[in-house]
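We just call them A, B, C and D in the order they show up, numbering each chain from 1.
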Amino acid sequence: MSNSFGNIYRLTTFGESHGLAIGGVIDGVPAGFPLDIEAIQHQLNRRRPGQSALTTSRNEADKLVILSGVFEGQTTGAPIGFVVENSNQHSADYDSLRNVYRPSHADYTYQQKYGIRDHRGGGRSSARVTIPQVVAGAIAMQILATQGIKITAWTDSVGNIKIDKHYSQLDLSTIDSNSVRCPDSDKAIEMERLILEVKNQGDTIGGTIECVVSGCPVGLGQPVFGKLQSMLAAAMLGINAAKGFEYGMGFEGCAHRGSEMNDSFVADASHENGISTSSNHSGGIQGGISNGQDIYFKVAFKPVATLLKEIATIDQNGYEVALKAKGRHDPCVLPRAVPVVESMAACVILDALLMNRCAKI
Amino acid sequence: MSNSFGNIYRLTTFGESHGLAIGGVIDGVPAGFPLDIEAIQHQLNRRRPGQSALTTSRNEADKLVILSGVFEGQTTGAPIGFVVENSNQHSADYDSLRNVYRPSHADYTYQQKYGIRDHRGGGRSSARVTIPQVVAGAIAMQILATQGIKITAWTDSVGNIKIDKHYSQLDLSTIDSNSVRCPDSDKAIEMERLILEVKNQGDTIGGTIECVVSGCPVGLGQPVFGKLQSMLAAAMLGINAAKGFEYGMGFEGCAHRGSEMNDSFVADASHENGISTSSNHSGGIQGGISNGQDIYFKVAFKPVATLLKEIATIDQNGYEVALKAKGRHDPCVLPRAVPVVESMAACVILDALLMNRCAKI
Amino acid sequence: MSNSFGNIYRLTTFGESHGLAIGGVIDGVPAGFPLDIEAIQHQLNRRRPGQSALTTSRNEADKLVILSGVFEGQTTGAPIGFVVENSNQHSADYDSLRNVYRPSHADYTYQQKYGIRDHRGGGRSSARVTIPQVVAGAIAMQILATQGIKITAWTDSVGNIKIDKHYSQLDLSTIDSNSVRCPDSDKAIEMERLILEVKNQGDTIGGTIECVVSGCPVGLGQPVFGKLQSMLAAAMLGINAAKGFEYGMGFEGCAHRGSEMNDSFVADASHENGISTSSNHSGGIQGGISNGQDIYFKVAFKPVATLLKEIATIDQNGYEVALKAKGRHDPCVLPRAVPVVESMAACVILDALLMNRCAKI
Amino acid sequence: MSNSFGNIYRLTTFGESHGLAIGGVIDGVPAGFPLDIEAIQHQLNRRRPGQSALTTSRNEADKLVILSGVFEGQTTGAPIGFVVENSNQHSADYDSLRNVYRPSHADYTYQQKYGIRDHRGGGRSSARVTIPQVVAGAIAMQILATQGIKITAWTDSVGNIKIDKHYSQLDLSTIDSNSVRCPDSDKAIEMERLILEVKNQGDTIGGTIECVVSGCPVGLGQPVFGKLQSMLAAAMLGINAAKGFEYGMGFEGCAHRGSEMNDSFVADASHENGISTSSNHSGGIQGGISNGQDIYFKVAFKPVATLLKEIATIDQNGYEVALKAKGRHDPCVLPRAVPVVESMAACVILDALLMNRCAKI
């Protein structure tokens, strides 16, 4: 259960940081879809380590190998099995962590839960587990694109530096024009500066990512436990380092009154069913089901736990030890988490789209 | 899929606002547990409408009837089927809504998704669907209590009125001493005043609920898609009107540095495995798995969509209509949502506790 | 898990023999279907005890009460919750079984697995647990009928008395013309005579049921673990007293050669895609997927374990005791199992039909 | 859904006959188990093609590569990802099948369901999809062995040649002493002769496999849809070419009376709880739950559909064509299916064993 996500479009993953490979199986891929492998690799490259000074220097090609489910360029309805090799491990960097628990990392909880742990590179707790998520998401995004659905995420804040415009005022085509993946070029410069500053201090910094799903038809999601926001929240909180999720007006909207927050319905011939809303505080979902407006949400990411300065912690026997991490780590996960957020959103939306085919007689 | 929640301890629900009854089936209840029916009814009463001036005046006894799975007071391992009658419906109040879409409600999305909807009392989108959640949660809480696990939620903010103390400084035994369910008595008075004020204006107001799980052992949750925070987020976003979820330092913590947010491990003989942490910014979960510290999180609830003043909207044919809701509605969901938050948290924790029995050989 | 069946069209059940009620929740019912409640009750009546001298004399009306999911006669897409009251329990008849294990019954295994058991009427092991299966199946059959799919089961053998004709030579409209539900009137008389004979001896007898699904489109089922025969087998072996399942030429066909068993494809404009087969040894399924021919299979049912003559067994302390069952029992489950077989088949086929909507892009 | 099997111990598979590799992910493997990789490879070798004159001449090493979930020889609780390369494909042999439907094969149903098919080697319908099943089963068997549970399958019949002894009279240690995997050496010779005879005729033959699970504790399986026999039946009917399943006295027992078929309980200090049965017609399962006796069942396998003589069939356009298969095929699946039956049984039993940890409080 731990390692599968989705109902119809369903991803199952495997792999650790320093194992032979990371990979997965995607079940429920509709047959007859012409797959663009390069577009998948492109998303993997956006998630790849070593792409800029803001990210870890671990150098992995992260080259996708698809093992099944595709015939003469098209999906066959059979599960898509795939692997990405781990090639640039420096396992020796982690020798000192074999018996030591890094603060705010998964070392202690894994050891207690399982009685054993692969301490090299964090094992299964490594951010490399998001590779298969990006593969499944990139495929989902291709399929969704044929339905006019587009998913775009970007870095919304780093530390206290935050975009202060509504996303409709941003040029989302510029997201990849800077290494922090922020569509506000002024803020991007500030964010980059801040990340490099904390990096130089051996420290790390958190932030938020915003994501918009546009072109989503009315009807995705289900009334109670299958609410679209529930699936999105589960997906997002499953990403390493995520600490929070909000959609529509989120936490801020809760301080307001119903008369301020309600979205009035208006006749609008340009929308599905000729109906639109005059505002979109709801964030495109009402009663758990998409209403045809943009779905937008934010995800909070904590600062990376592994610092590159000496810290005090304890070992498996409860003795205090001084620890200075050697491995290669990101000072800030945000830039590389952008494609992961997009990917998990795409998995949720495609799954909901397929399930919706069964809603009516 | 829409109507089941959980893996081992699994709730499946049914029922609409104006149908004969609301109910559910709880699968995976461990056998041999002496059930305290009155304690379940007590939680239902905390969720019940009509309990104070702050809530809807719909008067429902919400009397639980257990139909199966219990023999001579003990659980048998067979599923627990149960019903709660709907008795105080005023369906005629909703006649005007048959062809009209209330703003920010589920009317429009249900109609489009299913091509049909039970407009009476909101049908399946009614807050009455949380009744079975409270039943399953109350049973889970009883079982968890025998393991020393306690779950407590309270109203943390209403509008801009917000508790400004850490929960360790609050007397959580006072939560039910006021009708808003806030353990800070000064803030409680302000919150009540605000809710009555917006109610008198025919308006509604949102807020946040905080929840703490104490006594949770190390090891609950799983590394990737089964992260404990992922399950909690899915549970919380599945509650009517929820717009956001954060745990530990949440959104705020993301503005900070790793050196500020990390929780140092310390030897502490009073804790499981003799290990504790000197702070708990992580919120009791690391790497998706509980670490033995308090698990705490917040849920944002939007203002209720149904206002008791005239509003402009459109009907199923796209014509503009003026609407003044007649039914009985809450001006603020917070007080009644407190036991729902506790209940869904309890379902998640018990499920994780049972699944954890299979983690090791 | 134990108490849910199906993927999209999904039944969850509850209830024991002597509890207040038996019931269930059906999730995934497509919206907008006009439900024929009387047709469901008709199937329940075919399963009902007390309908003839061949069945138990327990007299239950088995009146269906639908609690949700239907509005103005049509399904809404919300889950259908329903109950059937238990009214004619004679719990005192079972007092002697409280500490005694009946041979070949579930008494011993339940007690050991759960440490507790509801001994009255067999508790959850009672054939009354098939009531919700018949309700879900009857609804599925109505939906399938609109797609031209028809499911028909009948008693194929009782003891050594066996229909020796292919089903195409039988008049299936006569199944309900005799109380054993056998469409071969000569064999029916022999079967009835045999059942009454064993009943008079305080004994019981087994047999086989055959079932045909006609009008099934090409494409239902999936290649590996979701093979249509796999789902059917799971469904059938889940019915009380079932001991075996075979489809197409089944066990007998395995003694033959490929050249005898293969079904040649032939052009046939009257069939879907203009393709048919010249024989149907495959039983309408090839590679796990329906091929448009009749799907037919047989289910073996053992003789009822509870005899109405004195037998020797042991009690919970391992002491030998003499036991003479008092309750009311069927001498042969076959006649009443016929609608149960149809129902579970219908649930499988409808589920596969809905899942198939997601096969292609 | 199609490509996953199991609840806690859960296998997800991928791969086609002529793709790069076949593989899978095993979730829910308990942590801390020292894995014997050679023992897994041994089971794969028993399933391997080319091992004797009775099997296809396709020569595959079927070398297992484990990619994750194992650290220093022990399972970590992380999913075990694995691949087995396809290396000896002769895809050109299948060119003639691109547009032609082989009788009783999956060609037609796949084409219609998905609108596309990988015709090379049967694609996903190839018996190579059982490779991951053997891997997961071999791991399960190792874990079960530590609990004293042993699973053994053998060829029970080929065509009309059938073992006529109860399995307790057979020396099961001799199963692998002949290439047909039959523990009755006289029958084995006859079976081998028959298979070679049909092979020389370009024909194929079916048969049955029997399997015994010994040492299984009381309590595995669940009362209704999770009956142990239901899980076993689903597992077995999911194996390529399986046409039927029966357990205990199966179809034959259904012709008998309850007084003949019931298994009397007897006090027996050598058994769990001091309780045994004087016979075992039930096949070790009562009320869906294991009772501590041997679990035994049979699976019927049809003759392989692909014949090596010219046959008449039709192509995708409905035109009649003469077809002579070129690929390399088994004249009889039985010998190679023996480890597959054992493997799927092991997956079911281990899953039930793990789930049973949650039965009681």
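Following the convention adopted for this analysis, a residue touches a chain if its C-beta (ideal position, glycine included) is under 8 Å from a C-beta of that chain, and two chains touch if they have at least 3 such contacts.
Given the structure is predicted, the values throughout are model-derived calculations rather than measurements.
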Chain located farthest away, centre of chain B as origin (C-alpha): D
Angle of the C-alpha superposing rotation, chain A to chain B, to the nearest 5 degrees: 180
Duplicate of the A-D contact set - from B-C, C-D or A-B, the pair where over half of the pairs recur: B-C
Approximate Å spacing (C-alpha centroids) for the pair chain A, chain B: 26
Intercentroid distance (Cα basis), chain C paired with chain B, Å: 39
Cα-centroid distance, chain A relative to chain C, in whole angstrom: 46
Multi-partner residues of chain A (at least 2 other chains): 1-4, 8, 13, 28, 31-32, 75, 77-78, 110, 113-115, 124, 223, 355, 359-360
Sites on chain A touched by chain D in the complex: 1-4, 8, 10, 12-16, 19-25, 27-28, 31-32, 65-69, 71, 74-81, 83, 110, 113-118, 123-124
Complex contacts: residues of chain D adjacent to chain C: 1-5, 7, 13, 101, 103-110, 112-115, 124-125, 129, 157, 159-160, 198, 203-208, 218-219, 222-227, 229-238, 242-251, 253-267, 272-275, 277, 281-283, 285-291, 298, 300-307, 309, 311-314, 318-320, 355-356, 359-360
Interfacial residue positions of chain C with respect to chain A in the complex: 8, 28, 30-33, 75, 77-78, 143, 146, 223, 354-355, 357-361
